[in-house]
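Just passing along the structure, written as structure tokens.
Which chain is which? They are A, B, C and D, in the order written, and residues in each are numbered from 1.
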Amino acid sequence: DSGGTTPSGAASSDPSGGTAGTAKALKVGWSTIYLAPSWMQQTLKMLEEDVARLKGEGKVASYETFNANGDTSQQIAQIQAMIQQKYDVILVDAGSSTALNPVLEQAVAQGITVANFDSLVTSDKVIRVGTDQVEWGKMTAQWLADKLGGKGEIIAMNGPAGVAVSEERWKGAEEVFKKYPDIKISANVHSEYNLAPAAQAFASAYSAHPNITGVFSQGGALSAAALQTLVKQDKKLVPITGENYNGFLKMWADKRKEGFSSLSTAQPNYLSVIALEAAVAKIGGTAVPMDITVPLPKITDDNLDQYAKQDQPDDSYPIQPIPQSEIDKLIGK
Amino acid sequence: MMASTIRGALRDNRALWAFGVLALTWLAAIIFAQGFNSVASVHYLVQTASFLGIVAVGQTLVVMMSGIDLSVSAVVALSAVVCAQVSAGSGGAVAILTALAVSVLVGLVNAAGLIWLRLPPMVMTLATGTVIAGALLIYTNGSPRSAQIPLLDSLANGSVAGIPLATILWLAIAAAAVWLLHLSRLGRYAFALGTSEPASRASGVPVPVTTFVMYAACALLAGVAGLVLLGFTGTSSLTMGNPYQLLSIASVVLGGTSILGGRGHLLGTVAGALLLTLLTALLVAWNLSEGLRQVSLGLLIIVLLLVYARERRTT
Amino acid sequence: MRNRLETAVRLSGRAARGNLDLVGLCGLLVVVLVVYQRLDPTLLEPATITILSAQFLPLILAAVGQTIVMLTGGIDLSLGAVLSLGMAVFVINTADGTMSVVTAMVIALAVTVLAGAANGALVAYAGLPPIIVTLAASFLWGGVTLIVLPQPGGHVPTGLVRAYNLGWYGLALPAIAIAVALVLWKVVKTTRFGLTLYAVGGNEHGAFANGVNTRRVKIVAYGLAGLFTGLAGIGLAIQTGSGDPTIGTPYTLNSIAAAVLGGISFFGGIGQMRGTLLGALLLGLLTNLLLFTGISTFYQMILQGVVLVAAVAVKTLATRERVA
Amino acid sequence: MTLLNVERVSKSFAGVTVLREVSFDIQAGEVLALVGENGAGKSTVLSLITGLLTPDSGTIRYDGEPVRAWSPHRARAAGVASVHQELSLNPHQSVAENVFLGAWPSRYGLVRQGDLVARARPLLERVGLDVDPRTPAGRLPLGAQQLVELAKALTADPRLLILDEATSALDDDQVRAVFRVVDDLRERGRSVVIVSHRMGELLTVSDRLTVLKDGEVMATRRRDETDHDDLVRLMVGRELSDLFPAKAAPDSPQADPVLRAAGLSIPGACAGVDLELRPGRIIGLGGLQGQGQREVLRALFGLRHHSGQTEVDGRPRRLASPREAIRRGIAYVPEDRKTEGLHVVRSVRANLALPSLRVLAPARALTTVSRRRENELVEELIRRMQVKTASPAQEVRRLSGGNQQKVALAKWLPARPRVLLLAEPTRGIDVGTKREIYHLLRELADEGMAVLVTSGDTMELVGLCDEVLVMYEGAVVERLAGAELTEERLVHASVVGHSTAEETSRA
């Protein structure tokens, strides 16, 4: 009975979206390219909590997760199935920055509200909630360049080649490093965002270049791999940029007194929550901006203790909760 | 005539070739790329090679009987995840044993599928791999744990007389596998199965027993590799085994073992794993773009195989 | 007399068993379709057919390519990489305008045919087993794809994307493309080359000793597989309106699964393309079906593995010889 | 006119010289026989002619021109057709498709199955084969497959037909059909090279005979200048007496059967077969091709599902797998040695040791294989059976056919089986070796082994066996022993399908 009508047309004009009783409850689905990585698991939990809350408020009727397990074509099929099943809101963590465009636009054309977060598509017809990946690279690279005083030798640890997130972060970093001709990038390593292969990749790069003075890393597991290797080999702890991967944060906290220093940022899990709330708000009639760029958190030597969680597994991504007011501001309420 | 005799002899000893090529590549690396001449570099190459190497030794056992195990990647993760999970409640020793037992179980299931359901090994092991990956998601509820198990930690990171313990473990495993494959009765049966199943059956080879033992041993070794990796990184993850699926097969083949089964030597796989690790490191050192790096890796593997791993025709 | 009769009975029994395979697959397909129809009543409407055929086209064509290679007794582990390569080459050459799309298609197909033929030449001349050659080649072509298209991008004319995905004057273009490709195969199969393909797969040395140029046959077969794989890549590019250098990877194993499900032997020389078609359809529909049933994603992977094992096991057990 | 000249060709494999300056020629309209012991180099020299191999030195002239860049493809195009010693059919394609392999008739480039079948029929008829051309070739019995090969060779109406042991799996009827084809070709001015170990056949069909020994031509004789003994002397280098050993004394006390089968049935292959195998006796299974003889042997070795009673040493035992059969002391040497008999890509040593691993690698040594004892065992076997191999490490596929057969038999001996099942044990084996095998089998029988042999060669059955069961359409129709065991009665029962006794009683 959710019909093919465009729900936004029937929405009330109440900008606060507090018309829970009158608006119909929504059918929400999330299609994700992967579910196995712990970041995704954490995201799923956060999303489910928010869904539970919205259900309580009567705004969401049902919720479903779809895992494409790395297969972009399957993700397309999933979204098509969701269109078929007349979902009201489709959340997407995309497996390809371009391949999903047609099907997502098709969903939008059917009156479905599509909110894309984390790994973003290039289509401007959907709500896109993300961080600025180029800025990520710029910010952390700049910190490293400053730390090195503009000269030195570094190893760059990147994610898998050909994946948009990885390429964009590196693009930002490269821009910065171009300004410092005295910083030599002696090896540029690609690895899955995964500790074991990263550790091996770093170990082999490091054994070829033992004189590096810094590491640019664009992922937490990659940073942990690098730091771990240095610690194990009892080598000088050079500055390493990072991410809020708990294994890395714990090690950093531990080695901080030995002079190790980093600047880390995060791809916050609450992107999913913002995306969900943006979609719900949009259906509720709010003028939600199509591009929502969430500021990148900064984890420094000073605020590290708020993040590093000694009691949680290494493979988790601690993050400070985002206040509801902040969310409301981002989604234009 | 002399030349052809020598060629024949060398051809029959492809494992030796693998070591020769390894030595040459290493020499080339030392001369043409920087950083390969240090003790530290050797240390880390043999250490990282041992993770792959342990899996590849197991893979050799099944390839020799003309099988293939595509579930090794899943078993690596399975063993690490189970160990980390169990150790939280029951302590290290129990956890290690549980992990290994579960790994062996997977091997037995693989073998059962081959024997009783008559599935092609590729299909069966691929399917078990998928099932394990799904089961792990359910088991961990998506968040696998970290674990500091002292035994595994020292096994993965410690050294004795400058030789990484992981490498020593690898070589010990390889020695045991050499006995199993090349000296014991079961190994003979595996070779026989690898060259002709009908002839083996008609010669009284115990096909089920051989299959069960070899697949169980392969899975067990993947499990051991998972544990060592758990020790190495201190944490488990659901995807930690992924690189080993194809690389273990590539190591076996680079070691001169015929992928069709029945020909080769297990020690070749040791060289193969080292060679593959070295090649990867070398390509990193050259600082190529990822595209060029993959192209080079593919071409290098083909060229090396052309040197010594060609199959003879059945004329 | 009795002998003759028994032979006849045995033969017809075998024929039935040979087709039993396909009959079984067809039966399963019908069951799946009926269930599907209940969950999605629009199944047989043109719009849904367009969508589904667009969705299945890459897998079906990739499986056709894989089947050709498997019939020669080979296997192509670089199929996914070649598919991405075709897609990448296609999208960097398309701009708006029909002419350029056709040119881009021709260029992309030329590239994938060459890549396939190169695989075939290695298999034929290098004396290396296909599984190894194509494993190494998967790195090679994957690398080439990353050089051609370092990250997702490119653009396919929007009109084409719309016509392909939403129907063109009510015609399901992807379904037509699939039909054309299958007719093409049917023609190839009835040529001498088609028979040679089966001959080489069934007994390579025998074929060679009878004057068949086995090397050329392999090169052509892999090249032909490259053609179908390239078509799959182009289809995927049009479906998604763009190119992605890593999108092809899952097709390697999926195409093998479809072929095996369809009764193509790993040892070559045995199997029919219609089996592969059924296998690919079944695989695609089953995966889709899971999306409608609302089974937890955690269990979906397990189910996929179990379904594959069960399907292939039932098939092998039902059709195997009754020898001890 | 000389069609083909082989001039001083030599060939060696991995340092072992196989052909040494071999010369001979073939005239148009002539049938030339190549004879020689196993491993003399017959197949090798024929492979040079068909382009499968290239000579190390020497020339081959075809039509007076030295052949250049010779390959199977070119040879075929030039009118050389061959039936190789090893079958080259594709088991999964139909007989018709196999007959035209590589040269399928097509219209507008398309091959029509109906057309294939129609064109295959007369060819099959010509070689005396009565099968549906649509049958998959792999389903035919070996003999029929050889005839399909022959039909295939005839498709291009060859100028030179090469038959390398093309009659080894055929029964007498089928052999006659082949010879009709050969005669027909000769009459039309075509040439034929024929290799066979059945000397009698060669002496009837050929015009000249060239004898090879150890890779060298010993002599070439016209048919009317030579006879059986002369040829054997040239081949073997000495006289051969008593081809067959003496039989067991007919009135000697009979031991209890080791293996007994009652009502053995396999759907579509055999029905209600009763047989008893006793120590010291050699029993033969005769009859035309494919009357179920092979399946009986396979069933007794646990390779084929069957119904009926089987008893070992008087106790009922299920023979459900080869392992069980082996455990009960049964050994089997299959007809098709390349798939079930041998690991062709493995060494002679590995093949010979495989069934004896329990002894060579006992549990108390943690199943470690004793290399020393393995080498001893293997060398002993090679010596005893006179296997001609460069070394125990040589791959079995590099052995000549006859030597492969020896390995397939020899590997069972150390296990001291009590029942030996042999399918066509001398197929493709030279006279000298045949004699050795016959004597060996009798020796084994005298030592207490029970032997069951199938053979398409009537003379062999009559000469070797103590009793012969004749099979017809899956049933045993006649049992011949003692004075009743003659070639005439055996052939009669094979063809007519019931015993002479029955005939007389019915009359």
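Criterion: a residue touches a chain if its C-beta (ideal position, glycine included) is under 8 Å from a C-beta of that chain, and two chains touch if they have at least 3 such contacts.
Since this is a predicted model, take the numbers as computed values, not measurements.
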item: Chain pair with more C-beta contacts, B-C versus C-D; value: B-C
item: Between chain C and chain D, centroid-to-centroid distance (C-alpha), Å; value: 43
item: Inter-chain centre distance, chain A versus chain D - centres from mean C-alpha coordinates, in Å; value: 71
item: Averaged-CA centre spacing for the pair chain C and chain B, given as whole angstrom; value: 30
item: Intercentroid distance (Cα basis), chain B paired with chain A, Å; value: 34
item: Shared interface positions of chain D, touching two or more other chains; value: 52, 303, 321-322
item: Where chain B touches two or more other chains, by residue; value: 133, 137, 289-291, 293, 314-315
item: Two or more partner chains touched - positions in chain C; value: 145-146, 150, 205, 298, 300-301
item: Chains that touch, pairwise; value: A-B, A-C, B-C, B-D, C-D
item: Contacting residues of chain D [partner chain C, same complex]; value: 50, 52, 71-77, 82, 84, 87-93, 97, 101-104, 106, 109-112, 132, 135, 139, 152, 268, 291, 302-305, 320-322, 473-474
item: Touching residues on chain C, where the partner in the complex is chain A; value: 40, 42, 48, 51, 55, 58-59, 145-146, 149-154, 161, 165-166, 236, 239-247, 249-251, 254, 284, 287-288, 291-292, 294, 296-298, 300-301
item: Complex contact set, residues of chain B against chain D; value: 1-2, 4-5, 8, 179, 183-186, 188-189, 191-192, 195-196, 198-206, 262-263, 314-315
item: Interface residues, chain A side, partner chain C - complex; value: 35, 64-67, 69-74, 76-78, 80-81, 84-85, 95-103, 106, 122, 160-164, 167
item: Contact footprint of chain B on chain C as seen in their complex; value: 122, 126-129, 131-133, 135-147, 150, 205, 253, 256-257, 260, 266, 298-306, 308-309, 312-313, 316-317, 320
